[in-house]
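Right after this note come the structures.
Note that subunit A is present in both complexes that follow, paired respectively with subunit B and with subunit C.
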Partner chain A sequence: MSPSRSPPKNPVLKTREPTVPPGLRSRAALRLTAAACEGRLELQRCRACSAFQYPPREACTQCLSTRLEWTECDGVGELISETILHHSNEPYFRERVPLRVGLVRLDVGVTIVAHVDGACAPAPARIRLAAHLDKSGQAALVAHPPEGPTDMTTSQTHRDMTCDPRGRKILVTDGKSETGEALVKAFIAAGADKVWAGVAEPWKDATAIDKLAQLEGVTTVPLDVTDARSVEALSGLIGGKVDILVNNAEFHRHKPVGARGVETARAEMDVNYLGLLRLIESFGPALKFRAADGPNGACAWVNILSVYALSALPSQATFTASKAAAFAASQALRADMMGVGIRVMNVFPGPIDDAWNQTVPPPKLAPSALAAAVVASLKAGVEDVYPGDVAQDILARWRESAKVLERELADQ
Partner chain B sequence: MSPVSASYNGVVVVAPVTIPYRRYAQHDAHWFLAKAVAGLRDAAGLATDDIDGLAVSSFTLFPDTAVGLTQHLGLTPRFLEHVPMGGASAVVQLRRAARAVQAGDASIVACVAGDTNRVDSFRQNLANFSRFARDAVYPVGAGGPNASFALLTAYYMRVYGAKAADFGKLCVAQRDNAQTYPYALIRKPLTLDEYLTARLVADPLRLFDCVMPCAGAEGFLVMREQDARGRGLPFARILGSIERHNAYPEDPIQMRGGWAMDRDDLYAQAGVGPADMDFLQAYDDYPVITVMQLEDLGFCPKGEGADFVRRNSFTAKGSLPLNTSGGQLSAGQAGAAGGHLGMVEAIRQLTRQTLSAPIPDARIGLVSGFGMINYDRGICTGAAILAASEA
Partner chain C sequence: MTPSGQDLLDRMAGALARRRVRVIDLTQTLSHSFPSIVLPPEFDQSAPFRSEPISRYDADGPDWYWNNFSCGEHTGTHFDAPIHWITGRDDPRGATDSIEPSRLIAPACVVDCEAETAKDADFLLTRDHLLAWERDHGRIEKGSWLLMRTGWSKRSDATLYQNFDETGLHTPGPDLSAVRFLVDERQVIGFGSETIGTDAGQAAHFSPPYPCHSLMHGAGRFGLQCLTGLELLPPKGALLITPPLKILRGSGSPLRVLALVEAAD
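Right after this comes the complex of A and B.
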């Protein structure tokens, strides 16, 4: 069943209130979620005897060692038994029965109670288990066919784990920037129902704006994220229709500290940080209200940040500071949106191959590659995206030692 | 094989008490447990202070435990057990109490279990049942026993060729038994056809496969044989008992319980075998677990449970009388008292104090308990062989 655009809304009907699956987890179990946020399945493993185990524990069931680590797992195993639940005591699942649930035995020797993808053959069947995020923002383990997830739309529960742009209405801020244009095109190609491209200064770059507006399904709208009235005005027009908001607006200069850069810093903060706050104030409430509005309801908020939000790049001190500020705000936004099941997805690219990074040596991330990563990540339903080689490299080094990375970035 | 446990000679069980079940209740668990303790006192003609030992099982007593209950009820026992083992609690209470009485740590132990059932309490209990349930079952929508037993039943049917009608036969037989038991919440006669066509709850489980949670309590007393005789109380003897927790953790899915590990010890203690049993009171919140007990307690080989079901009638006057007060599937599941239902019924049968139809000449019977689906399987198992006083 392929989701299509939703019928016009009946104004007399009550908007359904969002429910989310149970989100309470032990501290150990949150490690499963942490990996799922990046689309990985990790399981607990004993350092002493190498045994895998599940559910997460404080000690090894084989040898009682407390030296446990989290290891990536391919999820290959067998669906050994399954059921279709026709009843649930939990409101979220009550709205979604019948529900296919199974008992999976992974080849690494653990038994897992999991959601079962409708594409899986009946038990007994070979499967591949993957970790997704459910509407509560926690890891949800799903058994897929051996070739992996093919279609996450076989049930509403699975569709809830993704934020597929197909059939959805999407607002992209600063739509006429190089990344903005790439995002708009990628969403149209991915089957979005409608894309609004926010344009800050409609009198500039008239050709670029015209080109955008001529794309099928795209409407340009006036939006200046540095102007609260502009943001509020647009929210009044389309706030109740946006399913996915992509904040792509960015002000980017290369300034170290101590280089008479306070005005630049102020401008960067005004777009990159305060702009996000203005969007949250105007669009946040409407998005939350529509979190359960039909199968294609509001589902995601995407922030294009920078991998240097994790650790500052001294040569672009003020820019990376504004991205770090936006990152902090996004985490607060996520905590708020989690209660209704809206996913806040943060994208942490390395240098983008655009006009502002002209002098930065390669490798750089093409705007189209950034856009492709955003679409793929929405479909996969992950929460943190590090697209491209530089982002992956910085992330790995940051995980290894944030302090070593700080020293290494000092002379870049 | 592990060494055979010491005998329970000189210790007996008396005073089967049931606090009538109801679907929902406004009272707290404390109310039902108070009724049970008072019921035991009155049934045995005791003064409250004569009860110097207490064993308690309850899910809805929270935030209290057996400790809080002593002050709540004004009891001052010198032996106190909180047994949070769900459907295995009755057997475990019996074992703890019997050893305490044997050792002189208590003279008369009241073993009680009970729960209330508020409109929303079942869901609340499920959500907080265990850490593994909270982390790894409840979030998948598979919280509660329906999903767990559906997965076990589907697997058992596929691997051993059991049919829905085999499970249905057990449910129908138990419903027949419930006809004469006044406290059974569901006594409407059940036909196999009604069983097979009832609405699906969790494939392959249909409505009459699933236990109905309710409020209520059960209790019995454990004391020295000489004290029971002195007070003129009809009693049953304990011929043997076992318990086991987290058996066979390496099995990918639960197809056997701890009974299989310990049944040789059980029968060696009692000096009898499964063929000598005049009845079986099995834990029966879902019929698949009854079939598993038939196999693991040695009534038939593993995998032949369905065939055994086809060959027996399970009614009070038929072959291998099973759950003669209707079992939980007809009486209801009063929370942690689920396993006490069979224990109390066994004592009634062996002391000729039945409320349900008496089993002709019942002399020796087996009571089995199963509890706590902590994650993907039941953790606690137990069983006891009881005998009539003259046996």
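Right after this comes the complex of A and C.
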């Protein structure tokens, strides 16, 4: 089990600085990472001779064909031998030895050196290999028991590769919204040590604030992401304690381009894009500083974006533009946070079943389903999440042809 | 006595220097935390006050400190020009840049409703209240401001200041009879309040809706909102200085409201 809460910090000891494992990968190997970002294990398979291979290369080691295809793999195989690593010259691994590593033979015919989950039976044993993202944001392969990671998965290795909310202190930037309430409840249910729920403009909707404040483990805090002073003040108060920041603050209207005036667009940008920048400016340094602060140090930054950040929805042009801007900012944030091993997780939902999508026909994503996806994805340690049918559909079509999708979204 | 014999302003300057005439600030500090008016969310909202630094003796400006601020025209202590309301849209001198400057300095009558509003947040000031006030303090002169003192500015908690429940805002204001009386029978220059609007919180349900906005601005009169310090003014005799920013076709603006009050001997 993960620690249920952090032990009180000894204030006279130096805060451990974050280290990350070596993060350089070849262009071919980055495809392993790209699949791991969404929680999949993919390996190269030759289209000429059908052989799988590992590590990633430019050509097939069996027949020299260059027609290699990244293919999802179930990771089922056998741990054929194992050892305990007691020494490493890499500072990151030095801090983590002893480490259980082993040689895994997958049923698809490749042999791989991998981390071994403490819950695996001693070699020889059946295992399931999974691709996780390590602290450098790159794919790392871990052998789990055949049923995958379990509650018996105790290793720091696995904890370092995931962002389980259990025992962690979490800030949800807009607690009053429907997604905010669902997220707050989901984090409490997932065993979070503490949840702060941001509340902007407290004179509006006092009932929602009272409801939040009555939830066990939830503290409401003043936070208006359109106001740099407010963000700075809250960061001063709790910035050094937040382990996971979830930015769900959103301003959403349905406006096409060419509608009179830009005030709606400005308000959307102010919350959805500039709000994120203000949070990054104030909370970013504090989170980075605490990236290795004990077993429950700062570990993740979650942005609730929109699947239409990938391709604009013309009927909601200004909203999707603000989400696209936030997406760009989040990628820059990720590049920055990768240096200290904090996971930036982007969530790309389709229409959420809330007041601002009232007239959007189903399927829509329930706020509780969004929250469940966020919690599950933090536990799994992925960095890109496309929850629900619409998001999955748009993603598949975008990958198939961004141009075709653009044309198809033109009249939606 | 000046050579021309016109010594009124000299005497005024002397009185100011000797504090014989005191200057009272009736303005709330323009801050990020002061609440803005709330409209139903499907309407575009008035932006609250925000200020972000350009530089602060730092790499962005080593020797100087300054900010970019932004806000709606109707933010903090602010002035409502006649064109703010549809009834005043055709007023040729009804925008912040076209108002006759002589109308920006005017005497004020202060009606103390603190006792009533302490008991009833939805208290409405009526024609009868105003007539009773006149019996005590004399006639409301043409061209005066009528300021409604409610103690609302002492509500430093923004939630109490706004005073929302499920049926909306609950703040005091004038009723239709009072507004008609002030506009037609007394020809005031405008109506000033301590609350977020010159109209009562529930005035959307009045007939006509928002009578103070509708009738005052329709008759070319002004509004002042979010005033503070009205308890420092005498019922009659204060002189108000209320120039809004000279915004091109502005419907209003935040402003510094100053009152000149003669000190007692």
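The working rule: the second predicted complex is superposed on the first by the 406 of 412 C-alpha atoms of A that agree within 3 Å, B and C clash if a C-alpha of one lies under 4 Å from a C-alpha of the other, contacts with A are read in each partner's own complex, and residues count from 1 in each chain.
Assume a residue touches a chain if its C-beta (ideal position, glycine included) is under 8 Å from a C-beta of that chain, and two chains touch if they have at least 3 such contacts.
The structure presented is a predicted model; accordingly, all values stated were derived computationally and were not measured.
A.B. asks: Could you tell me whether subunit B and subunit C fit or clash when both sit on subunit A in the superposition?
C.D. replies: In the superposition, subunit B and subunit C stay clear of each other.
A.B. asks: Counting only touches as set out at the top, which of subunit B and subunit C does A:Ala206 meet: first, second, both, neither?
C.D. replies: The answer is second: A:Ala206 touches subunit C but not subunit B.
A.B. asks: Applying the document's definition of touching, compare subunit B and subunit C: which contacts more of subunit A?
C.D. replies: The partner that reaches more residues of subunit A in the superposed model: B.
A.B. asks: Which holds for A:His87: it touches subunit B only (first), subunit C only (second), both, or neither?
C.D. replies: The answer is first: A:His87 touches subunit B but not subunit C.
A.B. asks: Please indicate which partner A:Glu263 is in contact with in the superposed arrangement: first for subunit B, second for subunit C, both, or neither.
C.D. replies: second
A.B. asks: Tell me the contact category for A:Ala125 with respect to subunit B and subunit C: first, second, both or neither.
C.D. replies: It touches nothing on subunit B or subunit C.
A.B. asks: In the overlay, answer first, second, both or neither for which of subunit B and subunit C A:Gly102 touches.
C.D. replies: After superposition on chain A, A:Gly102 lies in contact with subunit B alone.
A.B. asks: Considering only the touch criterion stated at the top, classify A:Val221 as touching first (subunit B), second (subunit C), both, or neither.
C.D. replies: The answer is neither, since A:Val221 touches no partner chain.
A.B. asks: Is A:Gln138 touching the first partner subunit B, the second partner subunit C, both, or neither of them?
C.D. replies: first
A.B. asks: Based on the superposed arrangement, let me know which partner A:Ala376 touches: subunit B (first), subunit C (second), both, or neither?
C.D. replies: neither
A.B. asks: Thinking of the overlay built on chain A, is A:Leu24 touched by subunit B (first), by subunit C (second), by both, or by neither?
C.D. replies: After superposing on A, A:Leu24 lies in contact with subunit B but is clear of subunit C.
A.B. asks: Least CA distance subunit B-subunit C after superposition, rounded to whole Å?
C.D. replies: 39
A.B. asks: Using the superposition on A, tell me which residues of subunit A are in contact with subunit B and, in the other complex, with subunit C.
C.D. replies: Dual-contact residues (subunit A): none.
A.B. asks: Quick one: in the complex, what on subunit A touches subunit B?
C.D. replies: The contact residues of subunit A facing subunit B are 21-26, 28-29, 54-56, 61, 80-90, 92-93, 96, 99, 101-103, 105, 111-115, 123-124, 134, 136, 138, 140-141, 157.
A.B. asks: If we count contacts the way the header does, which residues on subunit A are in touch with subunit C in the complex?
C.D. replies: Answer in residue numbers: 201-207, 226-230, 261, 263-264, 267.
A.B. asks: Could you list, by residue number, the parts of subunit C that touch subunit A in their complex?
C.D. replies: So the residues of subunit C touching subunit A come out as 32-33, 35, 38, 44-45, 47-48, 50-52, 158-159, 161-166.
A.B. asks: Which part of subunit B faces subunit A closely enough to touch in the complex?
C.D. replies: 122-123, 126-127, 131-132, 134-144, 146-147, 150-152, 154-155, 158, 199-205, 249, 252-253, 375-376
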